[in-house]
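What follows is a pair of complexes built around subunit A, which joins subunit B in one and subunit C in the other.
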Partner chain A sequence: MNITEKILSRASGRERVAPDDVVFANVDKVMVHDVSGPGVIAVFEKLRKGGMKIDKLHDPQKVWVAEDHFVPAADKISAQNIVLLTQFARDFGITRHFKYGMGQYGICHTLSHEEAMVLPGEVYVGGDSHTNTTGALGAFAAGLGHTDVAYVLLNGKIWFKVPETLYFRLDGKLPGYVMAKDLILRIIGEIGTDGAAYKTMEFGGTGISGMSVEERLTLTNMTTEAGAKSGIIEPDQKIRDYLAQRGAATYREVHGDTDAQYAKIFEYDASELEPTVAKPFSPENVAPARELSSVPLDKAYIGSCTGAKLEDLRAAAGILRGRKVKIRTEVLPAAISIYRKAMEEGLIKIFMDAGAMVGPPTCGACCGAHMGVLAKDEVCISTTNRNFPGRMGHVDSKTYLASPLVAAASAVTGKITDPRDIK
Partner chain B sequence: MEPFSKIRSVATPLDKVNVDTDQIVPKQFLKLVQKTGFGQYLFYDWRYGTDGAPRKDFVLNDPAFRGSKILLAGNNFGCGSSREHAVWALLDFGFRAVISTSFADIFYNNCFKNGILPVRVDEKTLRMLFENRSEVEIDLEAQTVTSGEISAHFEIESHWKKVLLEGLDDIAATLRHGEEISRYENLHKDCDPRAS
Partner chain C sequence: MKGSAIKYEKDNIDTDVILPGPYLKIHDYNELAKHAMEGLDRDFHKKVKPGDFIVAGRNFGCGSSREHAPIALSYSGIKAVVAVSFARIFYRNAVDGAFLLPIEVEEETYRDISDGDELELETAKNEIRNLTKNKTYRMKPFPDLIGKIIEAGGLFNYRP
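Here is the complex of A and B:
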């Protein structure tokens, strides 16, 4: 069995599982945020109207709550939703609630690793499609709709059809100025936005073991954009060290067997990768950054669970140090803990000296909700994960997806720029 | 939920691929805490101009498709955000089925939780349905889609078929098996200490 099959077999108390088996798996962690939380509350209300008594969750210790999409409160309704979410957490005894304005908070997927909320070998579900992100720690991590999340909250388990696994092997070392983002965009460009539909995307090879934990998280984060059920990477010493630094040492790692089976294996040579951009209006619409050097921009956005981790900010700062931005540039660290480290390392000063705006953690502009949305016909280069029509604002705005290095280089020139070409 | 057996209606053709859930319900409407009333926001940015007036060139505003219960759409329908509001909006607007060549996973599952039937057909059948423009009948029991000369079989997992045919709420459906679940857990609790 491969790692995904082994996690699901353990979680469902079976000796063996194979793709297409349906298993009833115990869930170790559940996450809701300020969009899916109110969605779950609506489902609970409907169930109550149908005569169901709901006064406790299966295990509130397994549940955690993030405030990220519409915070800082975008308007009166968002503010009310935060009140509602807080009441929900209180009513059901959920103690791990990351509230904005009260110390650590941030984008749910970033907190999942920053706070070691999810551990290797676990089954983790969340009310958000990018829940896949956390699979980089060696967990089975998948997003669910509100009804399914409500079900897990009440019952502690859920049905899964065991997915087939596509294995992506990266060998070698990434060249300078090339990041995990460039690899995942290249992959999505090849397999398409439904290329991994209901499949797991597993990453391995020397290129992956050489990659930092944060970079690996960029890969699993965007498996969602290929339609994947989950993304996963086998845990190694880097994961153990990363989690140990965050106070987590006790967990049961799962590794694939030596004869693990995969539906298909894709191979990549790291040395052949280059800075890559996804053009509007799909993450599969990729091209080398150099081919797009004539595209003028209105804004550069360095934010989100995909592209505002500490190393993403370091990469962007490396380009922006001593330079000035030519277009509106927004930097929003993905969690307060990252913001603090960026401040301590002097990155925030570099951004401000370059003329960029530094904002608080939020999903806001990435999903076009608030805090810097795009106007009609505006063009943005962004470290985020989606560029569907209207994703970051007006339905006639355009978003190009890129690594933090490409976004920062483009901020300096005002056009899409390969960071290798910055003078 | 209302049981689903056979529906017959004109099919609304939305000939676009990769329609994501943000097009189905734009993010500004996610803040509302209810399950009903989302129909008015369905495909909002395509349906209304910036002045708020209905756009004549958008298919949902075409009187020919008023009252339609079936949506026809291109490949990978429902990709993007996991928001269940997308399904709530389709249902609230009056759709009971969506026909496409493929659906995004989370959206596909969300459909069954809310009494919507997602029907997967091959590319050729979908094209014929787009061109045909006459009434479409979906028979869930027989797993067929028919329209004029077109007749196609579709696959559906037996569990989901039962849930829709009987109009079962997913949570209610599982609770029906409470006894079996407890029995299973008792049998397996020695294998996995967490199955308590």
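Here is the complex of A and C:
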């Protein structure tokens, strides 16, 4: 069995599982945020109206709560949702609640690794499609809707069809100015937005073991854009060190067997990769950044669970140091802990000296909800993960997805720019 | 189950157009219905009738995990979406929450159905009848567990 099959077999108490088996898996960790939390509350209300008694969760110790989509509160409704969410956590005895304005908080997927909320070998579900992100730690991590999360909260388990696994092997070392974002965009360009539908995307090879933990997280994060159920990478010493720095030392790692089966194997030579951009209106619509150098921009956005981790900010700052932005540029670190480290390293000063706006962690603009949405016909280059029509604002706005290096280089010139070409 | 087809000749109809991001803060199901399909078809709310079907191409409902998407369609009156394939979270949200039926059909069936065709769905026979064109199509049978959850009326009513 491969790592995903082994995790699901252990979680469902079966000796063996194979793709297409349907299992009820015990869940180790559950996350809700300020959109899925109120969604779960609505499901609970519906169940109560139907006569169900709900006064406790299966295990509140396994549950954690993030405030990320509509913070700072965008309006009266979103402010009320935060109140609802807080009351919900209090009522059910959930103690891990990362609150906006009270120390560490941030985008849920970023907290999942920054705070070591999820550990290798675990089954983790969250009320958000990018829950896949956390698979980079060696966990089975999948996004679910409100009804399913409500079911997990009350029963501690949920059904999964054991997915087939697509294996992506990267050999060699990424060239300068090329990031994990360029690789995942290239992959999605090749297999399409349903190329991994219902499947798991596993990453391995020397290119992956040579990659930092944060860069690996960019890969698993965007497996969602290929339709994948989950993304996963086998844990190694880098993961152990990363988790140890965050106070987590006790867990049961799972590794694939030597005869693990994969539905298909894809091979990439790292030296052949180059800065890559996804054009509107799909993450699969990719082209080399150099081919798009005539596209004028209105805004550069460096934010989100995909593209505002510490290394993403370092990459952007490396380009912006000593330069000025030519277009509206927003930098939103993905969590307070990252914001703080960026400040201590002097990155925030670099952004401000360049003329960029630095804001609080939020999903707001990435999902077109608030905190800097796009006007009609505006064009944005963004380190985020989706560019469907209306994703970041007006339905006639356009978003190009790119790495933090490409986004920062483009901020300096005002046009899409390959960072290798910046003078 | 009988209704008219509202057809979108499009693959990858994503949750950002089915129910745009700014409305994610709303959890009143009838209010969500007013914004269904807003990112793709501003007239949807006016033209949809109770019992109608949406007909679309591959990978319907891709993108975010927002259950708001099947909820908004369901509370608009949509009873089933007939598509070549579905994105996984939309599919399980539709079934587990008992909001609507995700019906998978062959590419030719999707091509053959026109906007406004009167359809009749009989899941027990895995059949879709096009009353306008006087034709019968096969729907792909529901996988075993999915069929049982649908029959139970959603995941919370299903006993494993």
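The definition used in the following text is that the second predicted complex is superposed on the first by the 423 of 423 C-alpha atoms of A that agree within 3 Å, B and C clash if a C-alpha of one lies under 4 Å from a C-alpha of the other, contacts with A are read in each partner's own complex, and residues count from 1 in each chain.
FYI, a contact is a pair of C-beta atoms (placed from the backbone, for glycine too) under 8 Å apart; a residue touches a chain by one contact, two chains touch by 3 or more.
Bear in mind that the values here come from a model prediction, so they are computed numbers and not experimental data.
Contacts of A:368 after superposition on the shared chain: both subunit B and subunit C are touched.
Look at A:10: by the touch rule set out above, it reaches subunit B but stays clear of subunit C. Of the two partner chains, both subunit B and subunit C are touched by A:148. Once the two complexes are laid over each other on the shared chain, residue contacts for A:32 go to neither subunit B nor subunit C. In the superposed model, A:78 lies in contact with both subunit B and subunit C.
Look at A:282: by the touch rule set out above, it reaches both subunit B and subunit C.
Of the two partner chains, subunit B and subunit C are each touched by A:129.
Subunit A residues in contact with subunit B (one complex) as well as with subunit C (other complex) are 24, 35-36, 38-39, 41-43, 47, 52, 69-70, 75, 77-78, 81, 127-129, 131, 143-148, 150-151, 193-194, 197-198, 227, 229, 282, 367-369, 386, 388-391, 395.
Taken in their complex, subunit A has these residues touching subunit B: 10-15, 24, 26, 28, 35-36, 38-39, 41-43, 45-47, 50, 52, 69-70, 75, 77-78, 81, 84, 127-129, 131, 143-148, 150-151, 154-155, 193-194, 197-198, 227, 229, 282, 367-369, 376, 386, 388-391, 395.
The residues of subunit A lying in touch with subunit C in their complex are 22, 24, 35-36, 38-39, 41-43, 47, 52, 69-70, 74-75, 77-78, 81, 127-129, 131, 143-148, 150-151, 159, 161, 193-194, 197-198, 227, 229, 282, 367-370, 386, 388-391, 395.
On the subunit C side of its complex with subunit A, the touching residues are 12, 14, 16-17, 20-22, 24-27, 29, 39-40, 58-59, 62-68, 85, 87-89, 92-93, 96-97, 143-145, 154-156, 160.
Those residues of subunit B that touch subunit A in the complex are listed here as 18, 20, 22-23, 26-28, 30-35, 45-46, 50, 75-76, 79-85, 87, 102, 104-107, 109-110, 113-114, 169-172, 174, 181, 184, 188-189, 191-192, 194-195.
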